[in-house]
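Below is a structure I'd like to ask you about.
Chain IDs A, B, C, D, E and F follow the sequence of writing; residue 1 opens each chain.
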Amino acid sequence: MKLIIAAVKPFKLEEVREALTAIGVRGMMVTEIKGFGAQSGHTEIYRGAEYAVNFVPKVKLEIVVPDSLSDEVVDTILKAAKTDKIGDGKIFVLDVAQAVRVRTGEAGDDAL
Amino acid sequence: MKNLSKITGFASAFALAALPALAQDAEPALDTGDTAWMIVATALVGFMIFPGIALFYSGLVRAKSALSLLVQTALIACTVMICWVIYGYSFAFGGSESPFFGGFGKLFLSGVGVDSLSGTIPEYLFIAFQMTFAAITPALIIGGFAERIKLSGAVLFSVLWVTFVYFPIAHMAWDANGLFFNWGTMDFAGGTVVHINAGIAALVGAYVIGPRIGLGKDLMAPHSLPIAFIGASVLFIGWFGFNAGSALAANGTAVLAMINTFTATAGATVAWALIETLTRGKASALGCISGMIAGLVAVTPAAGFVGPVGAIFLGAIASLIAYFFVAVVKNKLGYDDSLDVFGIHGIAGIVGAVLTGVFAAPSLGGVGYAEGVGMGAQVFVQIKAVVITIVWGAVVSFILYKVTDVIVGLRVSADDERQGLDQTSHGESAYHQ
Amino acid sequence: MKNLSKITGFASAFALAALPALAQDAEPALDTGDTAWMIVATALVGFMIFPGIALFYSGLVRAKSALSLLVQTALIACTVMICWVIYGYSFAFGGSESPFFGGFGKLFLSGVGVDSLSGTIPEYLFIAFQMTFAAITPALIIGGFAERIKLSGAVLFSVLWVTFVYFPIAHMAWDANGLFFNWGTMDFAGGTVVHINAGIAALVGAYVIGPRIGLGKDLMAPHSLPIAFIGASVLFIGWFGFNAGSALAANGTAVLAMINTFTATAGATVAWALIETLTRGKASALGCISGMIAGLVAVTPAAGFVGPVGAIFLGAIASLIAYFFVAVVKNKLGYDDSLDVFGIHGIAGIVGAVLTGVFAAPSLGGVGYAEGVGMGAQVFVQIKAVVITIVWGAVVSFILYKVTDVIVGLRVSADDERQGLDQTSHGESAYHQ
Amino acid sequence: MKNLSKITGFASAFALAALPALAQDAEPALDTGDTAWMIVATALVGFMIFPGIALFYSGLVRAKSALSLLVQTALIACTVMICWVIYGYSFAFGGSESPFFGGFGKLFLSGVGVDSLSGTIPEYLFIAFQMTFAAITPALIIGGFAERIKLSGAVLFSVLWVTFVYFPIAHMAWDANGLFFNWGTMDFAGGTVVHINAGIAALVGAYVIGPRIGLGKDLMAPHSLPIAFIGASVLFIGWFGFNAGSALAANGTAVLAMINTFTATAGATVAWALIETLTRGKASALGCISGMIAGLVAVTPAAGFVGPVGAIFLGAIASLIAYFFVAVVKNKLGYDDSLDVFGIHGIAGIVGAVLTGVFAAPSLGGVGYAEGVGMGAQVFVQIKAVVITIVWGAVVSFILYKVTDVIVGLRVSADDERQGLDQTSHGESAYHQ
Amino acid sequence: MKLIIAAVKPFKLEEVREALTAIGVRGMMVTEIKGFGAQSGHTEIYRGAEYAVNFVPKVKLEIVVPDSLSDEVVDTILKAAKTDKIGDGKIFVLDVAQAVRVRTGEAGDDAL
Amino acid sequence: MKLIIAAVKPFKLEEVREALTAIGVRGMMVTEIKGFGAQSGHTEIYRGAEYAVNFVPKVKLEIVVPDSLSDEVVDTILKAAKTDKIGDGKIFVLDVAQAVRVRTGEAGDDAL
C-alpha cells in the first residue's frame, strides 16, 4: 500500500475530495497546515510594528491506498488541485508496511 | 459662579447647586434627574473597567497571556476600590485646605450618610463616581508592561501609585482647594489626572521593566482583534459616563460633553484611518480602535468647554499626532510600551489638554474662558498643569517601581514569560477548543 | 395635541413641552429627569453601533472577513456623525417648511447653544440622539454585500446615501413639516426611516454587487456565533434607547415603548424557535438571534402605540414571515443578501409598519388613533409611507451604487475576495491563536 | 413609614411616594427622575440576561455545547416574559390578600394603562422591572445541568418552576401582603427569591439529572474564559440595575445600594484571589469572576441596609465560604452542579441573607432595624425566610423535574451528549475557524 | 524502527495514551484532524442555507517505536480505541530510516 | 528522496526555518501538534477540579529533500532547535517513493 501526502490550497479541498471519492478513495486524513515554499507570505502591520508572515495556509491530505490505485490518485489530485498559480502544492508518495481497521481488525487492503 | 462653573466639570456641581434656576429652593436639595443620570454615569465608568479596558488589553496580547490582563485589571480595580473607601476619598476630597492633600477627615467615609448631599446628588454617589475614576487609572497603566509583569508586583505598585500619585493629583485638579483648580486649569473630566498620569507611569514602567523577550523577532500580533474591538467599543460608550458624568448633573453642560465625545471620537477614528490609508494603502481595525481611544482621551479635558465642530478637529489632530508617535517615533526609541499606553493615552492626553485651551475660544465655538483670561494665558496654565503632572508622575512612579521590585519583584522568569503568564501565573488557559 | 402626540414619538416632545401638567410652567424648561433618560437613550443607540451591529455582522461572516465588518461599521458611523453635525441635522431638521427637505438653516449646528432647548431637553441632546439614528442606518446596509465590498466604496456610498435618502426621509417622517408626519403615519421610532430603508438599500446592493464567490458551494457558516450573539444582545438592550428614547422624555409613553420592546422581542424569538423546531426538529442559536432582531425591528414603529399583549403577537407574526422569507423565498430568488438585511430588517420592518396600524386599535389594547381616523384609514397611510420609502429608497440607492462604482469601485478583486478582506483590505488577521 | 421603608427596597417606593419631602404634592405623581432611573435599571437587568448570564455560562462549558447555553437562556427568558404579562404579574402582585398568592386580578395586565402609577413611576415600569427578575432566575438554574439537558425539558421546567416556585415566593417576599414581607425579613433586591431559589433548584436538578459523561475523567475546562469574563462583567454592571433599581427611585437608598454593590464585589473578588493564592500559589481568572459573582449575590439582600465598609466584609466572607464549598466540599459530594449555581448563588445567597441581619446594625455602619427589633431577632427572621425558601424550592423543584421528565424528558442520549448539544440539539457549531 | 500512524476518535485519546504508556511507549505526536471515511458527517443549516459537513473530527497519533515494539503498539491501540461503532479509525505502519533526539543527538532506538 | 519529520519547540520555529532556507531547503509543511514525551505537561485547576494536561505544545515540520541533502538538513535542525533542555524534540527520516509538483507536474527532485 502507499501513503499519499498532498499539500493543496484550502479552497481546493472540496473539489479534490469529490474527485477522489469518484475514483473510489474511501477515506483520508485532512490537516490544516502552514505551508512554506516558493509562494511568499504577506506582511501585517500592527501600530507600526511590521511582521512578515512567511507561511501560507494550506491543507494537507493523507491517503492510504492499494499500490494499484496510487498513480490514479496522484493524477486525480494533480488535476483537481491545479490552478496554474504558484502555491498549488505538492504530492508525495511513501510505502506503507501495514494497515489495520480498528473496528474490525481487518488488515491490509481490506482495511482501507 | 459662571466663571467657576467653566473651570471644571466637577466644580460646576457645587456651583449649580446654588443657582435658583436649577434647585427648587435656595438650600441644595436632591434632584432625582441629576441623581438618576449620575447613578448611570457611575455604572458606565464601571463598565469601562468591567469589561472595557480588560478586554481591550486582553485582545491585543498573545493568547498565552490573554487571561493575565483580565486578572490584573480586575484585581487592581477591586483593590483600589477598597483603598478608596478606606482612605482614598479622604486623601483626595477629605476637606483639608492644602492644595496637595485632602487630609484624614473622611477616612472610612466617616461622616457620610444616606442623606449627605454633594450638590444636587447624594455624597455617596459623588464618592462612587470618583471611585471608578481612581479604579480605572492604574488599570490603564498595566498595558505598558503587559505579558511579563508579576501579578503581585502589578497590584502592589497600583496601591502605592494611587496613594502617592493619583490621590494627590486628583486633589490638585478637582478639589476646591486644589492647586490646578485654583490656577483655573480647564480639565473637564480628567485628562491630566487620568490619562497623562497613566501614560507617563506606563512609559516609566516600560523602561524599568524592560521589553518582552523576542520583541521585534517573534510575532506579537493581537491574538483577538474582535475582543479588542469589543473592549474599545465598551470604552467608547462608557466614556459618556466619564465625560458627560463629569458635569455631575443632567444639564446642558453634560449634554455638550456628550455630543463632543461623539464628534471628537468620530474625527479621531476617521483621521487615523485616513493617515493609514495614505501611508500604507490600508485602513486597519487596530487603527480604527486606536484612533477611537485617542479621540476619547483627547476630548476628555475639553468635553464641556469646546463646540461639537471644534471637537472634530481636536480629536483628529490628537489622533494624527498619536499615530505618528506609535507608528514612527516609538519604533525608533525601542522601548516596549507594549499596548501604547503612553503613545495613545499620554500623547493624546497632552495634546487634548493643550488644545482645550485653544478650542475653548468662543471664536472657535467654545464656551469661552474665565473673565479676564485669554487664549494665551489659558494655554499657559494648561501646559503648567501638564508639566507638573508629568514631572510628579514620572519621578514618583519611578521610585514606586523600584520599591515594588524590592518588595515582591516586578518581572516573572524568562521561562514563565515564554510559556505565558496564563499558565505560569494563573494556572489556566484562556481557550480550550 | 393629544392627536399629534399620538402620531409620532419625536413629535410628542414638542407637544408635551406645552402641557402644563408636565412642565413646571407655561414656557418650556429643561427637565432633569427627561434629560437624564435621553442622555442614556443616546448612549444606548450608540451602543447598538459600538459594538452591537458590528459584532452581530462580524460573527456571521467567515473568519477571513471578520475584521472588515468591524472596520466598515466604525468608519461609516464615524463619517456619518461628521456629516450630521456639518449638514445632516440641517437637511433633516433645519426648519424649512418643505415636506421633503429641512433646508440649510442649521448647517454646522449654527444657532444651537448649550441653553437651546428642544421640548424639555437640550437641543444638543436631540441632535445627538438623532445623530446616532443616522449613523447606524447605513451601517445596517453593509450586511447585504458583506465579504466583497471595497472599504472606500462602502464609505462613499454611505455618505451619498444618507445625503440623498436618509436625511430627506427622516425629514418626511419626523419633522413637523414632513410629508408622512402630516399624513398622520404612525412610526414611533423609525421603522420606515431606518429599517425598511436599510433593508431595501441592502437588497438593491446585493443585486448590483452580485453574490460572493463560491456561494452555495463553499461552507459560509458564521465563524463565531457567540460573537454574533453578543452583538444581537447588545442590539436588544440598546434598542430600549432607540424605542423608549423616541418618546424624548421619561414618561408613560417611553415606558410603554419599553415593555412592548420586551414582549414583542420575546414573542418573535419564541416564534422563530418554534417554526424551526416544527420544520427541522431543532431550534438554532442563529434562529434565536434572527427572531430577536425581527421582533425588535417589527416593534420599532409600534412601540408607543400598541399594548404589551398585542406586541407579543405583532412580534411573532413578523418573525414568522421573516423566517419564511429568509429560509424559503430567498433561496429561490438566489441573490446574496449575505446577512439578510432585507430578509429581516426589510420584511419585519414592513410587517411591523402595517401591523402598527392594526394593533394600535383600542380593542386590541392599543392607544388608539387620531380623532376621526379608523383602522382602515390608518393602515392605508401606513402602507402609503412604506411604499414611498421603498420606491424612493430603491431608485435612489440604485443610482448611488452606480455612481459609487464609477468613482471608487464597489467590489474587490476575486483573488482578494478569496483570500479574505481582512488581509487584503486591512492588512490584518482577526485571530492569532 | 421609616420602618416599612427599611424592610425592603420594593416597599420603599410605595412608602416614599407619600412622603411630602419627595413628592411634589400629597397624592403620588410621576417623577421623571425616578422614571428615568428605573427605565435604565430595567434595561440593566435585561442586560444581565442578554448577554450576561448567557455568556458567563457559555464560556464555562466545552466548545461543543457553547451554543446550547445561549439558546436555553434566550428561550427560557423570552418564554417567561410571555408568561409574566399573561399571568405571572398577577400571581405575584395581583392584589389578593393571601400571603402566598397574588391572585387572578391582573391577568393579561388588565386594568393597567399608560397612566397607571406605582409609587412615583408608571406601573408598566414596575411590571417590566419585575419581569426581568422573573426572566433571569430560571436562566440561572440551567447552569446546574449544563451540557446534557434537553432544550424542551429546560424550557418546560422553567415555565412550571416560575409558576409554582418563583411567582409565589416573589409574592411572599415583595408584596405588601406577602408572608416574609410581613415578618419584616430584609431582602433588598431578592437574595432569597432569586439566588437561593435558583441555587437550590439547580442542586436538585444536578442530582435528578445526574453527572455529565466523563466527569472527573475528561478535560472539562472552560472553552473560553474571555467569554465567561465578558459575561461576568456584564452581570456586574447589570447588577446595579438589580440592586440600586430595587429602591424603585433615584434616591439615597438607591445610591447606597450602588456603592455597596461595588465594595462588596471588590471585597469578594480580592478574597477569592487571596485564598487561591494561599492554597495553590496562583490567582486564577475563573477565581476572580467566581468571587465577583459571589460578592454580587451576597450583597443583593443587603444592598440598601448595610454600610460601604461593612459590605466589603460581607462580600469577602461570602466569597470565602463559597470558595470552600466549590473547591472542597463539592468534590467530596460528587454531584455535578456543572457551573456551581448552588455553590455560588446558593451558598453566597444564604450567607448574604443571614449577614444582612448582622451588618444592618448601626454599630456596623448599617441603616439599623425596624423599631423594637434587635440583631438577634432580625437574624432569626432572615433564617426563617431562607429555610422556607429552601424547603419550598427543593420539594417543589424536585416534583417539577419529575413531571418534566415524564412529559418531554430531561436528558439527551449519551451519543448526543458526547457529540455535543450544539450539533445534536441545535444543528450548528459555535465556531468555524 | 517503525512509524505508527493512527486515526482515532477524539474522546478515546486519553485511553489510548494511557494504554501505550503502560507498554513502554515514551513519546508521540498528536494532531487534531478532519477525518473522511465510511462514517458520514452531518448537516448544518444557517437561515435556510444547508451545508453538508463531510468530515468528522478525529485525532491522529504518530508514534515511532523500535521494530520489536511495533506489533504490540498496534494491538494496544486496536484494543484501546475500539468502540465497535463505525468511525473507530485506522492504523498504518511505515518504516523509519533514522531517528535522532535533538537535545542529545542520540540516534536510532536510543532516540525514542 | 527523504521525508524528514521533526517535532520542535514552538518558539524555535523561526530559527529552524531560517537555518533551513540558508542551506537551500525550499519548502516545508508545518503543523501545530500536541507532544507527549519525557517533558511533562502541567496541571490546571478550575474551581477545585484539577486537570493534568499531559501534552506539551510542539511544532511538527515535514520536509521532503533529495537524499543528498538529507543529513545536512538533520544536522541543521539539530543545531537550530537545540536548547539543551528536556523537550527539545525529535527528528525522523523516512524514504519517499515519489514527489510531484501540482502546478507543473514535475516529478522527483525537480518537484522539491
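Note that in this section contacts are C-beta pairs under 8 Å (C-beta built on N, C-alpha and C of every residue); 3 or more make two chains touch, one makes a residue touch a chain.
The shown structure was predicted, so the numbers you read here are calculated from the model rather than taken from an experiment.
Chemist: Common contacts of chain C and chain D?
Modeler: The shared contacts of chain C and chain D, listed by label, come to B, E.
Chemist: Call it same or different for chain A and chain F: same when shared residue numbers make up over half of all numbers used at their interface.
Modeler: Mostly different residues form this interface, as fewer than half of the numbers used are common to both chains.
Chemist: What whole-number Å value describes the gap between the mean CA coordinates of chain B and chain E?
Modeler: Centre separation, chain B to chain E: 53 Å.
Chemist: For chain B versus chain C, what separation do you get between their C-alpha means, in angstrom?
Modeler: A distance of 33 Å separates the two centres.
Chemist: I'd like to verify one number: the distance from the centre of chain A to the centre of chain E, where each centre is the average of its C-alpha atoms, in whole angstrom.
Modeler: 17
Chemist: Can you list every residue of chain A that touches 2 or more other chains, as numbers and ranges?
Modeler: 31, 44-46, 94-95
Chemist: Could you list the positions in chain D whose residues touch two or more of the other chains?
Modeler: Residues 31-34, 36-37, 40, 219, 221-222, 224, 230, 280, 284, 286, 427-429, 431.
Chemist: All pairs of touching chains?
Modeler: Contacting pairs: A-B, A-C, A-E, A-F, B-C, B-D, B-F, C-D, C-E, D-E, D-F, E-F.
Chemist: Quick one: which bits of chain D touch chain F in the complex? Just the residue numbers, please.
Modeler: 216, 219-222, 280, 284, 286-287, 290, 326-328, 330-331, 340, 343
Chemist: Which of the residues in chain B come into contact with chain D in the complex?
Modeler: It is residues 30-37, 39-40, 42-43, 46-47, 50-51, 54-55, 58, 66-67, 70-71, 74-75, 77-79, 81-82, 85-86, 108-109, 114-115, 121-122, 124-125, 127-128, 131, 151, 224, 227, 230, 422, 425-433 of chain B that touch chain D.
Chemist: Please output the residues of chain F touching chain A within their complex, sorted ascending.
Modeler: Chain F reaches chain A through residues 1, 3, 17, 26-31, 62, 64, 94-103, 105, 111-112.
Chemist: Within the complex, which stretch of chain A touches chain C?
Modeler: 11, 14, 42-46
Chemist: In their complex, what parts of chain B are in touch with chain F?
Modeler: Interface residues on the chain B side: 214, 217-218, 418, 423, 427-429.
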